[in-house]
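This is the structure, below, for whatever I ask next.
Letters A, B, C and D mark the chains in the order given here, with residues in each chain numbered from 1 onward.
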Amino acid sequence: MFKKILVANRGEIAVRILRACRELGVETVAVYSDADRNALHVRYADEAYNIGSAPARESYLRIDRIVEIALRAKVDAIHPGYGFLAENPQFARAVMAADIAFIGPPARAIQAMGNKVQARKLAQRVGAPVVPGVYETLSDEAIVQAANEIGYPVMIKAAAGGGGKGMRRVDEPGEMASALARAHSEAASAFGDDAVYIEKALTGVRHVEIQILADTKGNVIHLGERECSLQRRHQKLVEEAPSVAVDEKMRMAMGSAAVKIAQAAEYVNAGTLEFLVDKDSNFYFLEMNTRLQVEHPVTELVTGVDIVKEQIRIASGRALSLRQENVVLRGWAIECRITAEDPYNNFLPSVGKITNLQEPTGPGVRLETGLYEGMEVSLFYDPLIAKLCVWGETRAAAIVRMRRALSEFQIMGVSTAIPFHQKMMESTNFMGGHFDTRFVEEKFEIRHGGSPEKERVAALIGALLTHERRQTALNIPPTHGANGSRWRNRGWKS
Amino acid sequence: MFKKILVANRGEIAVRILRACRELGVETVAVYSDADRNALHVRYADEAYNIGSAPARESYLRIDRIVEIALRAKVDAIHPGYGFLAENPQFARAVMAADIAFIGPPARAIQAMGNKVQARKLAQRVGAPVVPGVYETLSDEAIVQAANEIGYPVMIKAAAGGGGKGMRRVDEPGEMASALARAHSEAASAFGDDAVYIEKALTGVRHVEIQILADTKGNVIHLGERECSLQRRHQKLVEEAPSVAVDEKMRMAMGSAAVKIAQAAEYVNAGTLEFLVDKDSNFYFLEMNTRLQVEHPVTELVTGVDIVKEQIRIASGRALSLRQENVVLRGWAIECRITAEDPYNNFLPSVGKITNLQEPTGPGVRLETGLYEGMEVSLFYDPLIAKLCVWGETRAAAIVRMRRALSEFQIMGVSTAIPFHQKMMESTNFMGGHFDTRFVEEKFEIRHGGSPEKERVAALIGALLTHERRQTALNIPPTHGANGSRWRNRGWKS
Amino acid sequence: MNYTVLIGERTYEIRPDANQTVEINGEPHRVDFRNIEGSGFYSALIDNRSWQALVERDGDEYRISIDGELYVVTVQDERTRKIQKALNKTPAASGEFILKAPMPGLVRQIPIQVGQTIPQGQGLIILEAMKMENELRSPRAGVVQEIRVKPGDAVELGQTLVIIH
Amino acid sequence: MNYTVLIGERTYEIRPDANQTVEINGEPHRVDFRNIEGSGFYSALIDNRSWQALVERDGDEYRISIDGELYVVTVQDERTRKIQKALNKTPAASGEFILKAPMPGLVRQIPIQVGQTIPQGQGLIILEAMKMENELRSPRAGVVQEIRVKPGDAVELGQTLVIIH
């Protein structure tokens, strides 16, 4: 086992990985940008090193600095988390070249599966069904022509990466030019490669993915599926395991396809195979994510497998700690992504200082977070600030538990997606399992709708606080900053 | 299902029950003493009513007031939690007489099993092995004589209740008089009944208990065992499920004995059968707890059953939601009781205001708590302030996770048992599963032993804080009170 | 003392009396209101209903969050209300909507022109931030009066982008 | 400025220099020390080792908790140290141990007598609190000099109970 691991990431996922290391008795090294000096991951690690200024390209994307720190701190291994350098084969190569283990797949697997066009070809070779379309990067003219042939709607996608960046759905020929322009520009800025490809936009489909684990001894298993259809602008918002659309037979079929693709790619470590599932339970391979997935906790909650620890064990050369027949699903898990975005205002990113924070806990609740009171949520990084996960004996039990946990989660200082999730958990379509990848954007609306009773309470509280200030003539400074709202009022009486 | 439930308790268990109610969509009513106006359970409930002054006998033990509030708030049911009135048959009777459901066993079962002497007789009737001894309440003279007959060491125990109150181990005749006096006096003040009985003190034994659930239709199942041997002065400190001392065959035998006793008592709702287990895997019935147990979460974590929700369903007349064959144990769970006691100073109760609080979270961690910043920990109530529970794939995984979670749990303002648990989780005896009920008191020692490195860091921080005060000449008030330690220092620089 | 509380377009008349009684729009309620010392929480028991709120103050405005729902509350006492009445100043919106940048970013596209009549929900500006392109829409119908930025501009938080009349 | 820090029986000489350097007992260390605004936490990076502490101050004493271990830290600067030296006052314990009530409670039993020679760990007082009887023991051997309470007395936190010499 490794003695010391560097985590080349920030936020909740860095804390998640540091926790796994602490449990394994492995020493840890954090890296941080100037904006993250006070961050939880810096305080949680045994050692911490500054790697540059706030913009990611000056810090978390600096391969040279991260490898230099790794050598200086004498680590055995580096975990890249997700995002940033996680799917960058140059990074994996630089790490290996420095004689440090990369906790993730080999560079060649990242490269092979990272190119979405190549990955589809490989899936087709092993007989896995793929989404109809053209799996070549083409010129814009050829794409327009291909779109006419396979028929609208079509999807334009970046060849070099996922995460919704550089992705555009095009419903009619007239939208094609501007969609291509924006897809190229987003792909270029996100992946440094503006190549795009085209595929048929399937309608009424679900996004279902299979988690796999592969060790260096040639063992490959899958941990069942995750339902990730609830998306907005190709960003996942809610994930579940298992999926209401998948039964045991289909799980075995999808799992077996996933394992075959991973084997064909000579894949090692944790990975995710994404599929679309249509109403007739046909599934189509979409792409592979060659890293730890944001939503890995829901799989952990239903299988009991600690995916991050398995990643570390695999990278240290050990065999998988379980076989396919030991993977048993129990109950149901849901994850809500808590982003600093305003769901009442078109999900615009929200920035500010976290002035008050109350985290949910109790039975069946797991919170993955990098939040703390006093934290500055900035525009430099992804708006994901926490992941709220619950487990229940049944899907219904998980949903009501998520409602309970969301009601306990109080964050002041930035707008968050919590009200969106509250409304989603109350939606009859969600409760019934009736949704597809277009559900959030086409059929789900969220409006400000405070209850008259709560509004009266708010009015009362405002009046009493003013009354108290008048009565005691205390000089209370306005609450800009973290300590502000911690007034010294002792409680109003008569 | 009930529409509104009153929770006749406080602290972490009140919050636990309120959470279950919120998940079930049931409205809730809290009751509180003057000392608990700001408590979490008061703020968590939909309604809250004051029931008297701080001493429990003036509030949480006032049957009349609680029933009056229940009628006024028009609740369908009352959950008593544990402690206070949970095992008081008069309370159960008063609740039923007010035409309100009691979420617990019928009064006659509480009474029958609450008397430890009667319970043993019943266990003997159904063929369950019991601890050798004299199961009668006797005069002090008769007890002295009986002790000579069964041979020292012996246990003196209160007939009317458990929880370690009124319990004394007597190793030799000379200690008998004072032990009897103290047992009588503790029993009288704890249960209002000073009757005691005597049994053989088995040595080298473990305390293992079986959780059962029984519905009103005559279905009785067990949820496996909990290992509760780690005790101090008969107060449990650490609990696990399952027990290293129990294999599947023994689990079935103990479970079947537990179910038989419960059936013979015509028991309904959740209950716990306590056993002693000797080195040869013989087990002996000890007593029954006719209520929700403090340590119920470890069973929930390995079985996936929500015991509190089952209690509520049973009380509303529903059948158990699962059968014996659906009870499957997965992985391992451990609970550490976080008490406001100083483990470095003979576990003396510690009182004060919680000035800072950082709660553990992340994979496999469940915290049951009534703690909040600003809370006054007083001497009026039990020192249990939180329960830290973890789940792991194996016992070893659970232990390392507990270490990690304990290291994250920061409480300032009172001394807590956290350092005790940290040392326990590091103890080779505990890790090896080698312990019995006398382990904590006889073989486990805890000493102040900060590391030299941490001490240097503390010295450095002290110097820098003083330096900062000198430099900036800021007027920082001393930190008595909650806001005190939230200084405005911006970080020291050169 | 009497207080007038404004939330959105509704007003509440609130009068704290002795003995933990408060009149809300003339109706008396028993109120036990406490700050949870050391936290930003307030607890109110109103006729035994339990409410918990997080409160922030900014000038004369309170931002009060109850169960995750945020209410922006303005409180006026008798004196300030009388002054306002004298000035005959109506609060709330005029006929103008000013689109300000909700975050720093880069203006990518401006799909409108000055003088154009736009429906509610019309996209006004495409702003790039956090590597995503965000469409800023008009909350109501109107006429584009002024566009203060052009594609490629880097804008700051709060900077005026477009004025709709 | 030079600081002398006392923790238990150990002392540390600490001198903050410019450029985020601090000398501890003459050894220089790179230190980045921050308060996490809005919380009671401090973060110190000492030669890139990361430490987190919770701090409370009470008079001249800091109570510093690192990973759950509590250190009671007294800091003296050159001036105060010189004054103390002049007075030739040694800090730390004299030959007397005073047992004070660690909590309010009821004295149940006193299993010692004045003049008695006691070993370390001898029970001095049985104090009832929280419905449990708690035995207060002597941290060291000695002679019972004074007993200030009797069975049945209700005692307050910090009240002197027994003096051992």
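Keep in mind that, in the parts below, a contact is a pair of C-beta atoms (placed from the backbone, for glycine too) under 8 Å apart; a residue touches a chain by one contact, two chains touch by 3 or more.
Worth saying up front: this structure is predicted, and the values here are computed from it rather than measured.
J.: Go through B-C and B-D and name the pair with more C-beta contacts between its chains.
T.: B-D
J.: Can you compute the centre-to-centre distance for chain B and chain C, using the mean CA position of each chain? Integer Å is fine.
T.: 47
J.: Averaged over CA atoms, how far is the centre of chain C from the centre of chain D? Could you give it in whole Å?
T.: Computed value for the inter-centroid distance: 51 Å.
J.: Please compute the C-alpha centroid of chain B, do the same for chain D, then give the distance between them in whole Å.
T.: About 31 Å, centre to centre.
J.: In whole angstrom, what separates the CA-based centres of chain A and chain B?
T.: So the centre of chain A lies 38 Å away from the centre of chain B.
J.: Tell me, which residues of chain A touch at least two other chains?
T.: 355, 407, 483, 486, 488
J.: Specify, in ascending order, the residues of chain D that touch 2 or more different other chains.
T.: Counting only residues that touch two or more other chains, chain D contributes 34, 37-39, 41.
J.: Building nodes from the protein chains and edges from chain pairs that touch, which of line, ring, star, complete or other describes the result?
T.: Shape = other; not a path, cycle, star or full graph.
J.: Tell me, which pairs of chains are in touch?
T.: The list of touching pairs comes to A-B, A-C, A-D, B-C, B-D.
J.: Given the complex with chain A, which residues does chain B contribute to the contact?
T.: 15-16, 19-20, 22-25, 297, 300, 304-306, 330-331, 359, 361-369, 393, 397, 400-401, 403-404, 407, 483, 486, 488
J.: Flag every residue of chain B that touches chain C in the complex, lowest number first.
T.: Per the stated touch rule, the residues are 30, 37-38, 42-49, 73, 353-355, 372-374, 481-483.
J.: Show which residues of chain A lie in contact with chain C when the two form their complex.
T.: Where chain A meets chain C, its residues are 165, 182, 186, 189-190, 233, 342, 345-346, 348-351, 355-356, 358, 379, 381-383, 406-407, 409-410, 412, 418-419, 422, 450-451, 454-467, 470, 476, 478-480, 484-494.
J.: Taking the touch rule as given, give the residues of chain C at its contact with chain B in the complex, in rising order.
T.: Residues in contact with chain B: 32, 34, 36-39, 41, 43, 45, 48-50, 52.
J.: Which residues, counting only chain C, touch chain A once they are in their complex?
T.: It comes out as residues 1, 3, 5, 7, 10, 12, 14, 16-22, 24, 29, 31, 33-35, 37-42, 44, 46, 51, 53-59, 62-69, 71, 73-75, 77, 102-105, 129-137, 157.
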